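There are two complexes below, and they share subunit A, which is joined by subunit B in the first and by subunit C in the second.
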Partner chain A sequence: MENIAKIVFGFYTLIILGGSLVAVGAKSLVRAMVGLIATLMGVAGMYMLLNAQFMALMQILIYVGAVCVLIFFAIMLTRADAGGEEADSAPLRQNLLALTAVLSVGGILGWLVLTRPLATTGTPVEVSIENLGLGLLGPYGLAFELISVVLLVSMAGAVLLAWERRNGK
Partner chain B sequence: MSPLTLYQLVALILLMAGLFGISQRRSLVGMLISVELMLNGAGLSIVAASQLTPANAMLGQLGTLFVMGLAAAEATLVLAIIVVIARRFGTTKTSVVSTLKG
Partner chain C sequence: MNAIPAELLNILIGLVAVAASVGLIGLVMVWVERKVAGHIQRRPGPYEVGPSGALQPLCDALKLVGKQLFMPLGADPILFWLAPVLAFLPVLLLFLPLPVGDGLQALDVNLGVLLILAFSGLAVLSVLLAGWASNNKYGLLGAARGVAQAVAYEIPLLLSVLAVSFVAGSLDLAQVVKGQGTWPWNWNIMTQPLAFLIYIVSALGETNRAPFDLPEAESELTAGFHTEYSGMGFGLFFLAEYANMVVVCSVATALFLGGWHGPVLPGPVWFVLKVSALMLLMVFVRWTYPRVRFDQLLVINWKWLLPLAVANLLLTAFFVKLAQFA
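Let's turn to the complex of A and B:
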């Protein structure tokens, strides 16, 4: 990597690290959501660095634009006062167990990643948006149709679940 | 250390943060945030692996796009479930919602 790319990579890594720490550790759920947004922005920057501009745009559009707004709706609709939900911190035993699980999984995966490096090409390839669209309409058309069915079903299911019956039944 | 390894380590950080959150958070919204963190780590790992190796780069980007779509669908359903639970139990703390615990 060039020097400037290294600096930018470190910057994004810091954003991701800080954001995910806030998202996981903040007492207030709104603050946790802001941490999540920072993390998502950092990952979008990583996509830019990987020469996948379309993915960066979609990351901001779908995650920050749709998913985070949904999470904000969830926070508001459950009437969680800003600090109430997570005010009493988890007991020490639960924290230790969670830390054990994280360190075992992270240790195994990190060991695998560090000891078995893949052969890399060094510079990221560029895929034009035209090729992505042609791929969605051509070889991966079935997956494209299936994801639209999944989205439709989840939307209908959400409406059905949250429907409030007004008069008795 | 190759660039791919660095990207994989960042994705691993996201996975670890999400895993810690989902086992330590005590409200459903907090767990939802952690799940989104983990899915993001998966997407970053897929894109990095497909962009920096001779593998099919288009397939990697489209796969991550599908991961994002699934995350959106999942967030929609979880929102509806949280609303139903909040209406029925009056709270979304995981310690209260334990009718099936026996």
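Let's turn to the complex of A and C:
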């Protein structure tokens, strides 16, 4: 069983890495989005491996089913084809800066995970939705409410932007 | 040599059964649809091949399989062929958690409804990719309509499903069915009639069925997002549409109409009967109502379905809590 888990882990890692490479490197925006979708599906698979079914399904429902579809909508409105400005490869300096950004964040996170591992169980334990809900409204209530504030602010911002555009016409 | 785990065997048998039945359902549904359409429009429908034209869909299917696959100039080859596959693949998964009878379920997961809702979202993606990759204005317009429609109608659908799972206290389809009784007045439709109505309307919207078939509106967009697909490329979209109808109707049966419960006849028979009745209803709706305009489509959703669904959910939550205290 443990070997199967390792093989599956490798498989999902390949999907995530491959998808994100396509997402970053593809010339066409739509292909980049398909890469992003593959990455998100891979992450959902990782959740499955952690026995967090609810998280995995929510990942697919929200990120793949809603967020990516909205990104697609935005791409459609821009009518960006493969010959557009963004199709040219970025200058070397920009690539190097991007690489440093990735390595610094990834390095810090990786270092933290490797040196200060959390106490974990050998096999993943499934958390029922009841416990998830109780946790979100109980001990993690503050974080949960703060997230809703963030969402509210961004929603208000979107309404405000649309409103100004309409009045300015 | 270890024995194959029973769960894996269950899924395998389920997949084979699903793959076989999807094709059969497609053939039967095409015939039913054409017959009903014919009679509603005062013509006989197909009647030459086989008894009452029952073998006509088989001939059509063979013709589709035999046709050459074309790809338009300037289309994105990978995305163009990915789209029909992406439309069809999730369908196989969607059938697995459906409880056809007591214990007759390919994949017994405690988040069955969520699984279906999550993976049915991939259907929108295939509409988008197909419309975009065809390099065709009609296709693109159809895809753009598809996004706006799917994003809008998914919300009331989710909310109405949530209301039922509040009452049942579970997201497991089999569990929801077990909470209902034999007779129609023991079914969830009696306690959640509004949710049922919202579910059916938004399910029509989600499956792109008339009167909400704007992404493929023949009279305006030739065939919308699948204009450029020939042969089985089109065939897969077609099969996926009917399979999605079956899934939507099965979920409605399990959530609202008591699933496999019913007097005298065995459970699976009742399940199939109820699903068939709902499918027939969808076919009748398609040939009865004219296609809505796009602004009407959005008004129905954002001004009626969504507020009603939210109000219904709040009321349901209130009464569920009240029942806990009482």
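As a convention for this text, the second predicted complex is superposed on the first by the 117 of 169 C-alpha atoms of A that agree within 3 Å, B and C clash if a C-alpha of one lies under 4 Å from a C-alpha of the other, contacts with A are read in each partner's own complex, and residues count from 1 in each chain.
The criterion applied here is as follows: a contact is a pair of C-beta atoms (placed from the backbone, for glycine too) under 8 Å apart; a residue touches a chain by one contact, two chains touch by 3 or more.
Owing to the predicted nature of the structure, the values given are computational and were not obtained by experimental measurement.
By the touch criterion stated above, A:L21 is placed in contact with subunit B alone, subunit C being left untouched. When the two complexes are overlaid on their common chain A, residue A:F73 makes contact with subunit B and with subunit C alike. Shared-chain residue A:A156: touches no atom of subunit B or subunit C. Of the two partner chains placed around the shared chain by superposition, neither subunit B nor subunit C is touched by A:I108. With both structures placed on the common chain, the touch criterion links A:F9 to subunit B but leaves subunit C unconnected. Of the two partner chains placed by superposition, A:L137 touches none, neither subunit B nor subunit C. Of the two partner chains placed by superposition, only subunit B is touched by A:L36; subunit C is not. When the shared chain is aligned, subunit B comes close enough to touch A:T120, but subunit C does not.
Residue by residue along subunit A, subunit B and subunit C are tallied for touches, and B comes out ahead. Applying the stated touch rule to the two superposed structures, the overlap between the subunit B and subunit C interfaces on subunit A comprises residues 54, 58, 66, 70, 73. Residues 76, 78-79, 82, 109-111, 114-115, 117-119, 121-122, 124-125, 128-129, 132-133, 140, 143-144, 147-148, 150-151, 154, 171 of subunit C touch subunit A in their complex. Contact residues of subunit A toward subunit C in the complex are 28, 30-31, 34, 37, 53-54, 57-58, 60-61, 64-66, 68-70, 72-73, 76, 129.
Of all residues in subunit B, only 1-10, 12-21, 23-30, 32-34, 36-37, 40, 43-44, 47-49, 51-54, 57-59, 61-62, 64-66, 68-84, 86, 91-93 touch subunit A in the complex they form. Residue ranges of subunit A in contact with subunit B, taken from their complex: 1, 9, 13, 16-17, 20-21, 23-24, 29, 32-33, 36, 39-40, 43, 46-47, 50-52, 54-55, 58-59, 62-63, 66-67, 70-71, 73-75, 77-80, 85-86, 88, 90, 94-95, 97-99, 101-102, 105-106, 109-110, 113-114, 117-122, 124-127, 131-132, 135-136, 140, 143, 147, 150-151, 153-155, 157-159, 161-162.
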